[in-house]
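Common to both upcoming complexes is subunit A, partnered first by subunit B, then by subunit C.
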Partner chain A sequence: MIARFSIMLTALIFTTGAAAEVLTDADEVIARADLAAYYAGADGRSDVRMIISDSQGRQQRRQFTVLRRDLADAGDQQFLVVFSQPSDVRNTVFLVDKHMDRDDDRWLYLPGLDLVKRISAGDKRTSFVGAHYFYEDVSGRRPSDDTHEFVETNDDFYVLKHTPIDPLSVEFTSYVTWIDRETFLPMKIEYTNAAGDLYRRVEVSEVEDIDGHPTVTSSRVSDLLTGGKTDMQFRYIKYDVGLPETVFTERSLRNPPHDWLQRPER
Partner chain B sequence: MKFWPLLLLLPVALHAQDDMWDDDAWDDDDQKTVWSGYLEAALGTRFDHDPLIDERNTLEDLRWRVESEWQRGRARIGFKADAGYDGIEDDWDADIRDLTVAMSFGDNVDIKLGRQVQTWGTGDLVFLNDLFPKDFVSFFAGRHDEYLKAPGNAIRVTRFSPSVNVDFVWTPVFEPDVYLTGERFSFFSPLAGTNVAPEPPLAADDPDRSFANGEFALRLFRTIAGREYALYAYHGFFKQPTALTPSLQATFAPMTSLGASLRRPVGPGVFNAELSYYLSRDDRSGNDPLLPNGQLRFLAGYEWEAKPNFAVAFQYYLESTLDHDELIDNSPNPQFEPDEHRHLLTNRLTYRAGRDKHTWSLFTFYSPSDSDFYLRPVYSYRHSDQWSVTAGANLFGGDNDHTFFKQLADASNAYLRIRYQY
Partner chain C sequence: MKHAVIHLATERPRTVYAVVVLLTVILGALITRIQIDTDPENMLPVDQTDRVFHNLVEERFTYTDAIVIGVVNENHPNGIYNVDSLTALHSLSKSILALDGVIAPDLASLSEVDNIDQEGPGTIRFEWMMRDAPVTEQQAMDIRRKVEQLPLLKDSLVSGDGKAATIYVPIASKDLSYPLSLEIQALIRQLDSDDAYHITGLPVAEDTFGHDMFVQMGISAPLAGLMIFALMLYFFRSPQLVIAPMLVAMATVIISMGLLIGMGFTVHIMSSMIPIFLMPIAVVDSVHIMSEFADAYRPGADAKIVITRVVEHLFTPMLFTSLTSAVGFLSLMLTPIPPVQIFGAFVAFGILLAFVLTILLIPAYVIRMKPAALDKLSSRSSTPHTDTLLARTLRRSGRFAMRRGKLITGIAVLAMAVSVAGIYRIEINDNPVRWFKANHPIRVADDVLNEHFAGTYDAFVVLTYNEGDAIPAFSAAAMQLLNRVDEGYAAELRQLVAARPGDIGAWFGDMITAVDDALFDAEDSESIDALEQLLAMAEEAQVKSKYFQRPDILQQISEIQSALTDSGHVGKSNALPDVVKVVNRELRGGTPSDYRIPPTAAAVAQTLLQYQSSHRPHDLWHIVTPDFTSTAIWLQLKSGDNQDMSLAMDFLDDYLAENPLPAEVEMRWAGKTFINVVWQDVMVTGMLKSLMGAFVVVFFMMAFLFRNPRLGLLAMVPLSVTILGVYGIIGWIGKDYDMPIAVLSSLTLGLSVDFAIHFIERTRALLRDTGSFASATEQIFEEPARAIARNAIVIAIGFTPLFFAPLVPYITVGAFMAAIMALSGITTLILLPALMSWAGPWLFPEMRDSSARSLAPAQPAQA
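So, the complex of A and B:
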């Protein structure tokens, strides 16, 4: 009973302490945000579904399972994305080897042709399976691809502006991120194009605590020029499931790892 | 009349899919059997009449695709079949594209048994070490790209290990390509010296069924730091009926091949190179006019995203006929024999717009040595998760009647496909 109370007390002190501490180094804030958003646990799995709405309100759906494994925190990662809906993309599999020191390696498996297609490195800020999300939103953009500066720090958020180091490789000229001071999750991202227009917004609408990790469970990306949007929800999330490296190989493209794709029991 | 009234059946299968995104959708039992597929109507027609073929249309398909899969423990059963009406062949038909049992043994062996579509190698619409059956008739007629790969009855065993992965495919009964027969498209006959459309259609002699006449395909592959290396071997037959029996009946010559490939990122794109050596086992010195000579094939390609949503790819392909002098010396029709070195350039342009709702693509084959070409412009529109429309054309031309693409000049066609996915 006493032990339990002291743990709660420690948690309380730690949490409030973290919130009270104000970081002043933009690179440190973005590094912690990157960890919070993409590196929770040593690995993880989630079911994901998206509703893609065009400007006329017509909807399309996607459903898939994502498996992720970290080789090191803030370092290289592997992703396996296995589609289950709609039926014309069922068993399509997307494999990413994310690297810090070079371009990511990415493969797409098309089951109808039994074809393992390699995706070129430049193709990362284009629509991910018809959604308003980009390929790069799925596996994360390297913090080292941008320079970061503070816009402001308020009671709730670190507000940072990011400028691409290679402006020709992206469609934005800058973006601004609202990072939750407590969880370090980016809660809102707004992109500005060369015309100076705000044209794209990503917003988090739900965060849940999963296995001790604050986790985004609902988000939306909006195309502010056309009015289209994609809503994304995450369910059946689990961290530290013990995914082996072998799951993230060509084997899983042709033969998705059923044991690891099953929803966790709880 | 025989064809289009059936289109009226399409809407019958439709049901509203615009329910809101309620939470129930998450609760679908992932063990539940899901049936899916599509209904498709396709019509293609020639730009010009082929004097040898009565039918002007090249494609009149009504197709119903059904697919499902079942997972039981570590075994997965897959099923994909097409049923429908082919107006060109005036035939109701059903075809199983996939009926397989896939199992894993131990930690590192996968076995897939049954009728299946298989692909390996690095070429884009150019094949060197991929000797799995292809359906060029479907490809030239404007069916979905998926139908370029024909199914075969095979056993595939794959062993994965950190040093090298091994893929072994045994196809007990030889599965040739679906070749030009003269039914849908006429083709050039060196014997006749012109295009022909034989009646009945060409039916090449298949090899006798025996263990030794099966097909054995092997691939050793490994990825090291993003570079994909592979070695290939094949023992079987040329996939096209390019040989003649002593009674001048078309057939398939025995062939063994060895090859290698590399695919790796270079700069902003992906580079691939592939090599293969075809040994014509019954014509090793190349002097038998009834049998095709051996070949050396080489491919190098590069693909990159030139602008967002705009991909560009080039390939250079070389097909060298071995012992070419012997071929010419012994040929009854040396003027129709292939050049010693056939060079082929390909280009693929792909532009996607509206988050992949619209896809424009142009694939060009051009052979400077044969002076012929093949253009494949395609536009696809994905209206919704259910409805999609594809329009395209297959345009063939060249200077000499006997070359690969020029023989299909009268087959140049445009097509339209409408698909309802369920």
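So, the complex of A and C:
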């Protein structure tokens, strides 16, 4: 039911796009962007490849599969992240229950230590496994954590400035998002710190239509202070695969659901 | 040639003036382009292997220069772990983060680092150590509890006794250290904290050092000039006579420094001493000319003729003393330390320039003096100082030396033996921080911080995995497998395999990704089978290449760390095993027994994956490279003394001899403290080479000058005795053999040989003139001895303004120059006649050749 509604909504956005009237409510824009970026389909899977480069261009790779299941659009979600590369971290698993009304629940399984661990979700703005992406970039920042205002609306983008409601909980003082007027996907995000410097940028470089959902397939986050960057590529994406709730349980930590982790045939 | 030069000076004085003034002005203008260089690294040539490696390590692990702020609270029972202190620290850290030029992501402070901790059973928590300043004392103590569980922070960010904390402020460029330290000082003043704040760190030290060097050049050098001026005024009592040598000295200093700066050389601590070295040396020749002119000139005489005769007479000895002094300094070129070489080259240049300027400017100056002034000059000096204390002392000591020649020789030999024993006691040691005086804020900060912390001096033990032929072997096997793969996929893969791995991590990453993709798309079973084998092989090779993820090598590193700490030579060490152990412990529930390295490389990799899930994942790359092929053990030393660093190095050598690293691991040192040891070693051996080289060259020059190798040997006596004596004293008083002390040997050689030349040359002339050894030795203690003594005093006193210099090396040089002048003056005036008294006939052919007596025309010795 929820899933069907979600499909209809995204399809609507996608097809009507630019023809639709210009939105003037910042909160509405951000709500749609949140849906477009994090809630496509009722569930979904994707292989993710991360190339983490430091200022000297030295690289680290990470490859993992993300399974996602929405409990409600713009509401709670579940994620299962299973690492496949490099081989020494293979089958390391993160399980995240994302909540709207309280802190997320996060679990971790480390096969090398044969250890299941709950991770306190106090701070979501820590690095995601060494990348320049934060946990929050992967699971999505709650729109209600910030206040939103228009900077401008041009032919292509809604440009919004966001200010944190609890400034002590984050390392930025504000950020600006360029939201595509057609797809509602945030195409660029720039963060400013307390020193007034632009220190972090997230850019989307490729968007593909997958199962009717405009989907980011390539993006990059740059740490403008250190000169490091992380490129993220999404492949073998599929929506509405019918992931059952049982996939997102502690059982999956030690026993990853291989059937659901298989790459879909094209 | 010499006639032409003197002719030029006496006939075209205006031209001479014009050229000298023009040169001085042009080159003087270049001085404004001065570039101060205070980087101790520059003591080594840019391509010196240890320096190259040190720089490579700094790049490899992204080490940047940092300003270090130390906070000390000695009053509160909990030290700095109290609300006020931590609030101030927090607020200061946040303010510093906003300053331009600060590398914010690498700033280390309690407020900017992460904590890994337990949050109830089974739950691990990653959080900022001190996101907000504590509000209650309990919260402050909580921070203490957390810090003490993290070995990487304890004794580095907060002292073990809890009384002191540090903020490491990495800066984008050394040039910013001064403005930034001022801004930080201003922030500290606004803090409203009773804690003691200290600012130090290498860039600050270097900056202060550069400033103090300017002070030295701007104050000490002119002061030396003034001192010499006053001294000469005392000896000659004629301002007009004394102004000429001062002009020579100034022109020499300005042209030499202008040339040095104009040629693009930076001014280092050594070269900053050039003015103060050239000043007295440049004056000496002029003094000879002026005093002889004053003696020879009679009112009404033609100044041109008199000065021409005087200069012609002094030309050769002056040329030789200048040449030998120049050789002494040029010998510094044999020491492969660029600042020392530049110093040697330009002092040598200055000495030769001073010689040229003397024989050009002084005659030009004299013939342009008004006849009345000349007459006054001669009348003043017509009462020679034959009855001064100096004159009487010299006469008496000379007679004593001649009478007790063998006794004095015996005493000298004994003194030599004592000196040699002293030399064996010399401790070779240096520490650039100790170039500041003991009460200097940087020394104070250094003392305070090292009292509380495990050490503020850095050195790095760098381990690098040498993969040998593992990569070529893998590539060959991969190519074999690819022959079985469908060409549609194999072509691209072959290219990837063939690409030379610059970054092994990226190479394996690209390859594995491509194989993985091909495997997904491939359809024939042969290809799939080969690709699966290739993937497995590549993954295995990749894991192997991440050498420093292996538990066995981490365990070994950990043991090396323990051994170094237990040895007492190292305050603390920080390395990859510490990170792995802490994360492992916290992952497993936080019990101390889990503070260990997990059993497999995969477990280590997963532990580190967790460490990287922090606010500061890049911190990991300060201790290991992203491909895990090189790792650094960061050592904190409480002392920057080269001796202490050498002890740590020797200890590790011995330890590794007994507990060898695997053959595929190479160990090398890096870090500023290590670099100091390297250049000091180079300095010690280089100085020995310089000294021996100069010794040989000067001996041959002497033998050539006197046309007599025996006299050549005699001329070497004062400088040999002085060098032995000075270093003997250094050994016996326990002064460390450091940079300034090392340079002294060549200075001694260059300066004290002058005295010997004058003494021997004049004795010989007197022998020839009087035909009698007795009367020659009588007369040598008149004007010639006085000239030597006066010069010794001028130079010795000329260096005394260095006592007021702000930096210790200058003071050392000032003090030892006085000692060197005294010693070489005494040996020349007492030991040489003592040796002559019993070895005269062996030394002087004139005394053997009886016919020489009759040839000698009777001339007054004073002429």
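Convention: the second predicted complex is superposed on the first by the 246 of 266 C-alpha atoms of A that agree within 3 Å, B and C clash if a C-alpha of one lies under 4 Å from a C-alpha of the other, contacts with A are read in each partner's own complex, and residues count from 1 in each chain.
Just so it is clear, a contact is a pair of C-beta atoms (placed from the backbone, for glycine too) under 8 Å apart; a residue touches a chain by one contact, two chains touch by 3 or more.
Note that this is a predicted model, so its numbers are computed, not measured.
Participant: In the overlay, answer first, second, both or neither for which of subunit B and subunit C A:225 touches.
Facilitator: Touch partner of A:225: subunit C, not subunit B.
Participant: When the two structures are overlaid on chain A, which partner does A:251 contact: first (subunit B), second (subunit C), both, or neither?
Facilitator: first
Participant: For A:195, select first, second, both or neither according to whether it touches subunit B, subunit C, the two together, or no partner.
Facilitator: second
Participant: Could you look at A:118 and tell me whether it touches subunit B, subunit C, both or neither (first, second, both, neither)?
Facilitator: Both subunit B and subunit C are touched by A:118.
Participant: For A:56, decide between first (touching subunit B), second (touching subunit C), both and neither.
Facilitator: second
Participant: On subunit A, which stretch or stretches are contacted by subunit B in one complex as well as by subunit C in the other?
Facilitator: After superposing on chain A, subunit A residues 49, 51, 54, 58-61, 63, 86-88, 90, 112-113, 115, 118-120, 122-123, 125-127, 129-131, 171, 228, 263 contact both subunit B and subunit C.
Participant: In their shared complex, at which residues does subunit C touch subunit A?
Facilitator: By the definition above, subunit C touches subunit A via 59, 62, 94, 97-100, 103-105, 114, 119, 122-128, 131-132, 503, 505-506, 508-509, 512-513, 516, 520, 539-540, 542-543, 546, 549, 584, 587-588, 598, 600-607, 609-610, 612-615, 617-618, 620-621, 625-627.
Participant: Which residues, counting only subunit A, touch subunit C once they are in their complex?
Facilitator: 49, 51, 54-61, 63, 85-90, 92, 108, 110-113, 115, 117-120, 122-123, 125-131, 135, 168, 171, 193-196, 199, 223, 225-226, 228, 263
Participant: Please output the residues of subunit A touching subunit B within their complex, sorted ascending.
Facilitator: 47, 49, 51-52, 54, 58-61, 63, 86-88, 90-91, 97, 99, 102-103, 105, 112-116, 118-123, 125-127, 129-132, 171, 228, 231, 235-236, 246, 249-251, 254-255, 258, 262-263
Participant: Show me the residue ranges of subunit B that touch subunit A in the complex, using the header's touch definition.
Facilitator: Touching subunit A: residues 18, 21, 25-26, 30, 34, 36-38, 67, 69, 71, 74, 76, 102, 104, 107-108, 110, 112, 116-119, 144-146, 148-149, 158, 160, 165, 221, 223, 226, 228, 263, 265, 268-270, 272, 303-305, 308-309, 311, 352, 354-357, 382, 384-385, 421-422 of subunit B.
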